[in-house]
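In what follows, structures are represented as structure tokens.
In what follows, subunit A forms one complex with subunit B and a second complex with subunit C.
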Partner chain A sequence: MIGFVRNRVLLPVVGVLTVLAVWEATVVFYRLPPIVLPSPWAVAATLADLVGTYAFWRDVAVSLYEFVAGYAIGVVLGVAVGLLIGEWRVFRLTVTPVVESLRFIVPFAWIPLTILWFGTSFTGKIVLVAYAVFFVMVVSTARAIAHVEPTLTRVGTMLGMGPWQLALRVHLRAAAPTLASAARAAAAIGWIAVVAAEYIGASAGLGLMITNAATSLATPVVIAGMIVIGLIGAGVSALIGWLARRQLVDR
Partner chain B sequence: MSAGDLVLDRVFHHYFSAGRRVDVLNDVSFRVGAGSVACVVGPSGCGKSTLLGLAAGLLRPAGGSLTWDDAAVRMGPNQHLGMAFQQPGLFPWMTVRQNVAIGLSTRGRSRRDARAIADEFLDTVGLSEFKDAYPSHLSGGMAQRVGIARALALKPRLLLLDEPFAAVDAFTRLKLQQEFKSLLRLNRPTVVFVTHDVPEAIALGDVIVVMTQRPATVQRIIPVAREDRDRASPAYGRKLAETLECLGVKSENEES
Partner chain C sequence: MVAVAEATAATPRAPRLGPHATAWILGSLGALLALAAWTLLSQWLATGGGVINRLPPPAKVARELVQYAAGDLGRDLAFSLRVFVIGWLVGAASATVCGLLLGRVAWAGRIFLPIVEAIRPVSSIAWVPLSVVWFGFGLTSKIFLVALAVFLVVIVYAVDGSRRIPADLARTATMLGMNGWQRFRSLILPGTLTEVLIGSRVALMAGWGTVIVAELVAADSGLGAHLIAVQQSYDVPDVMATMACFGVAGLLMNALFSALERRLVPWRHDSGDVAQ
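On to the complex of A and B.
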């Protein structure tokens, strides 16, 4: 119990407080004006004001909606294509060069085109998140399927499973723990993609919120927004990690 | 030839390792009659497992033919087959019972039947207490017994066993051998049993197929009579010495 309190409460609090202390000390020591770097207290006060406004929650909702929709599409397509790559040689030989060349075009490089094609709508963000998530999932899935213990395939065949059953009931399931950690990494990348896309061109969302605040030199709002983005990202990642572990990981 | 016979006729096999061709089986022929047990013995790595993979339809032979039920062995899932692998290959996400039951349900048994049969065979291999455990909590020998139960539960007409008792302790092993023999009497499958253990081969086999070093061929086929199995009899000693000599072990070095 004492160990738990120390490891899970005390040490994290010490970590966060250290950062806040360095921040505060910097502001005081260099006598920075709030427009350059407001103190943690000022940001906390701004944050408290923000959470009382409708606009803030709307921005949060928009960003989360874009993220969840894009993430779901990206994971489903990524796992499906990754599974096909793993199972079907002809498909693998056809698709791998495409995947390998596209996956190094980072999502952010697509932002100008998505704005051109989809304007500042939600669709552009969803496509971008789906793209980012898709490539993380497709590569991990294909690799995980290729590394499934060959004995399991033989066992499945011996038990009477055809290629479809082997793919879905043995290979995909055996790959699940790897997919779970990939899904968590993909969530982080997807969330970053949403905010970045909104930052450059959007009609609503947290990314837009901080751009607008920055152009009106409302630095505390910028930092408050950054903190919210960080907290939501960490929360989403932890939630997906928890769900995946509960559902998929072997006991 | 007749139904239930497994016939290997001039079978060749090789694989490629780091770009080099490794010949595994070099002209292997033998026949296992319906309902009889062939024990395959031979040096480690001589291709005994490959032989089973071919008979199961998990591998395609590079040359020669394998025949089951008067037809060429089909690749892919085979309804007549039950097999226990050297590495048990249990599905780690399933409980022990689910591991045994899943083959029955993929072959069309209802979930309830599958569970009941799984429980019965887990009892046979002495693992009733562990039926809700996950494979990661089992010892090597226990996992191997689950693999045996999984193969037997299918009540296959062709049963292929790849050193099924290798990781099982000596005492449990003797008990399992006895259980195994009485189970065979029930369904009379055709059995190919790969083992390192010559006394085991004498105890269980109707014939012993002695293989040579890789690339393996059949060195000798030794029939085993009922009286050869009595460990107190001179016939047993002679059979043991004969088989071991085929494997290159001189009898004066061997305890009897």
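On to the complex of A and C.
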């Protein structure tokens, strides 16, 4: 018990304090102006101020809305197409070259095009997140289905299941643990795609908030915004990981 | 899936095609279908298709691609690749050193690993504005971002690799009378580097994605700067051609590194393909 407290609580606290102390000391010692590096206290105060403003919560709501809508579309389509690729050989061989070549155009490279097509509206970001999430889900669903224990398929066939029943009730369920962790990874990627898209062209959102702060050299706001982006990202993927695990795996 | 494959294979056909031929025929068919759909869509949308009213046909994009390849592509690609390679090497090297330190020195790991874990969810993309404030629009800020992206991925593999030295190998080493340094040189370091190599391949796409975002935001040179320039002149064919360049570069890097990994650590290789 004492060892646990020391290793899991005390030493990490020492680590955090060391980092904060070094940060603070750097600021004081080199007399850095807040534009270059604000002290940890300044960042904390800025964060506290931000949380009290309406604009901040609107930015959070916009980014989250874009993320959730795009994520839902991406996961549904991705799992559906991945399932088809895994189950139907002709389909897999037909779409493989297209999927493989599109997969390497990382979502971020689509940002300028989505802005040309959809302007700075929410739709562009939703499409972008859906695209990012779609490819993660397609690839992992197809692989998970391909790795389903063959015995399960044989048992299903013996029980008189048709290909549809096999796919939906046996293969998809056997692939569930992989899908749960893919859903979690996709959430992290989708969230950061929203932020990146908002850097380049947006009318609201956390990404816009921190690029605006950076152009006006409000470094404390930039760092506070990064912390918020990190916290939301970690929270969202933990939540999705937990939900997916509970819904898909533990049943 | 296996059942489907067997059923298809078992159907008697007059001239039986090998599996490779079928894959080629169906694959080309799929690619042709996609191109045909794209062409049709571009013609259909050209006469007032709502939001996406600027969809060029594939032939136009291909022409633009050839033109770009004959012009500035080499210069832009060289810029982007230089940023990427330097950042990637810096990131992987520092992650190896830190990983060895945090993985092998128990107290250092307990103190600093929670901090690494706390920073990891803040993707390197979120650092872009701060990096621009710190280092400006030049090469340094992009290298910093790529190095950070690669570091955050590779550190996990490095810590894991430095700890996962098989116990019997460690015992054998002790039995052979190796001293601390020899054990480090011939046991811990190779074990860690194996994992670092795998982590470096996983980090390829994170690093390449970071190059793109960094160049889009701090657009002074490179493929990303070109992409933003043509976007601002509403040149959709050129935008799509540049996107294709990003894709091809990513694909080639991944293929190159997969081949390298297959040679160096064949027992750990895991290709990320859909079809396998």
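Please note the rule applied: the second predicted complex is superposed on the first by the 227 of 251 C-alpha atoms of A that agree within 3 Å, B and C clash if a C-alpha of one lies under 4 Å from a C-alpha of the other, contacts with A are read in each partner's own complex, and residues count from 1 in each chain.
Note that a residue touches a chain if its C-beta (ideal position, glycine included) is under 8 Å from a C-beta of that chain, and two chains touch if they have at least 3 such contacts.
Computed from a predicted structure; not experimentally measured.
Engineer: Which partner chains sit in contact with A:101 here, subunit B, subunit C, both or neither? Use first/second/both/neither.
Structural biologist: Second partner only, subunit C.
Engineer: Have a look at where A:138 lands relative to subunit B and subunit C in the superposition and call it first, second, both or neither.
Structural biologist: The second partner, subunit C, only.
Engineer: Regarding the shared-chain residue A:90, is it in contact with subunit B (first), subunit C (second), both, or neither?
Structural biologist: In the superposition, A:90 contacts subunit C only.
Engineer: Have a look at where A:65 lands relative to subunit B and subunit C in the superposition and call it first, second, both or neither.
Structural biologist: neither
Engineer: So in the superposed three-chain picture, is A:151 touching just subunit B, just subunit C, both, or none of them (first/second/both/neither)?
Structural biologist: first
Engineer: I'd like to know which partner A:230 touches here: subunit B for first, subunit C for second, both or neither.
Structural biologist: A:230: touches subunit C, not subunit B.
Engineer: Give one of first, second, both or neither to describe whether A:23 is in contact with subunit B, with subunit C, with both, or with none.
Structural biologist: A:23: touches no partner chain.
Engineer: Who touches more of subunit A, subunit B or subunit C?
Structural biologist: So, of the two partners, C touches more residues of subunit A.
Engineer: Taking the contacts subunit A makes with subunit B in one complex and with subunit C in the other, which residues are shared?
Structural biologist: Touching subunit B and subunit C on subunit A: residues 154, 157.
Engineer: Quick one: in the complex, what on subunit A touches subunit B?
Structural biologist: 149, 151-152, 154-155, 157-162, 165, 170, 173-174, 176, 250-251
Engineer: Any idea which subunit C residues touch subunit A in the complex?
Structural biologist: 1-5, 8, 22-23, 26-31, 33-34, 51-52, 54, 107, 110-112, 114-115, 119, 121-123, 125-130, 132-134, 205, 208-209, 212-213, 216-217, 227-228, 230-231, 234, 236, 239-240, 242-244, 246-248, 250-251, 254, 272-276
Engineer: Can you tell me which positions in subunit B touch subunit A when the two form their complex?
Structural biologist: 53, 56-58, 76-79, 81-83, 85, 87, 89-93, 102-103, 106-107, 134, 136, 150-151, 154
Engineer: Taking the touch rule as given, give the residues of subunit A at its contact with subunit C in the complex, in rising order.
Structural biologist: 7, 11-12, 14-16, 18-19, 35-36, 85-90, 92-113, 115-118, 123, 138-139, 142-143, 145-146, 148, 150, 153-154, 157, 163, 166, 171, 188, 192, 195-196, 199-200, 210-211, 213-214, 217, 219, 222-223, 225-227, 229-231, 233-234, 237
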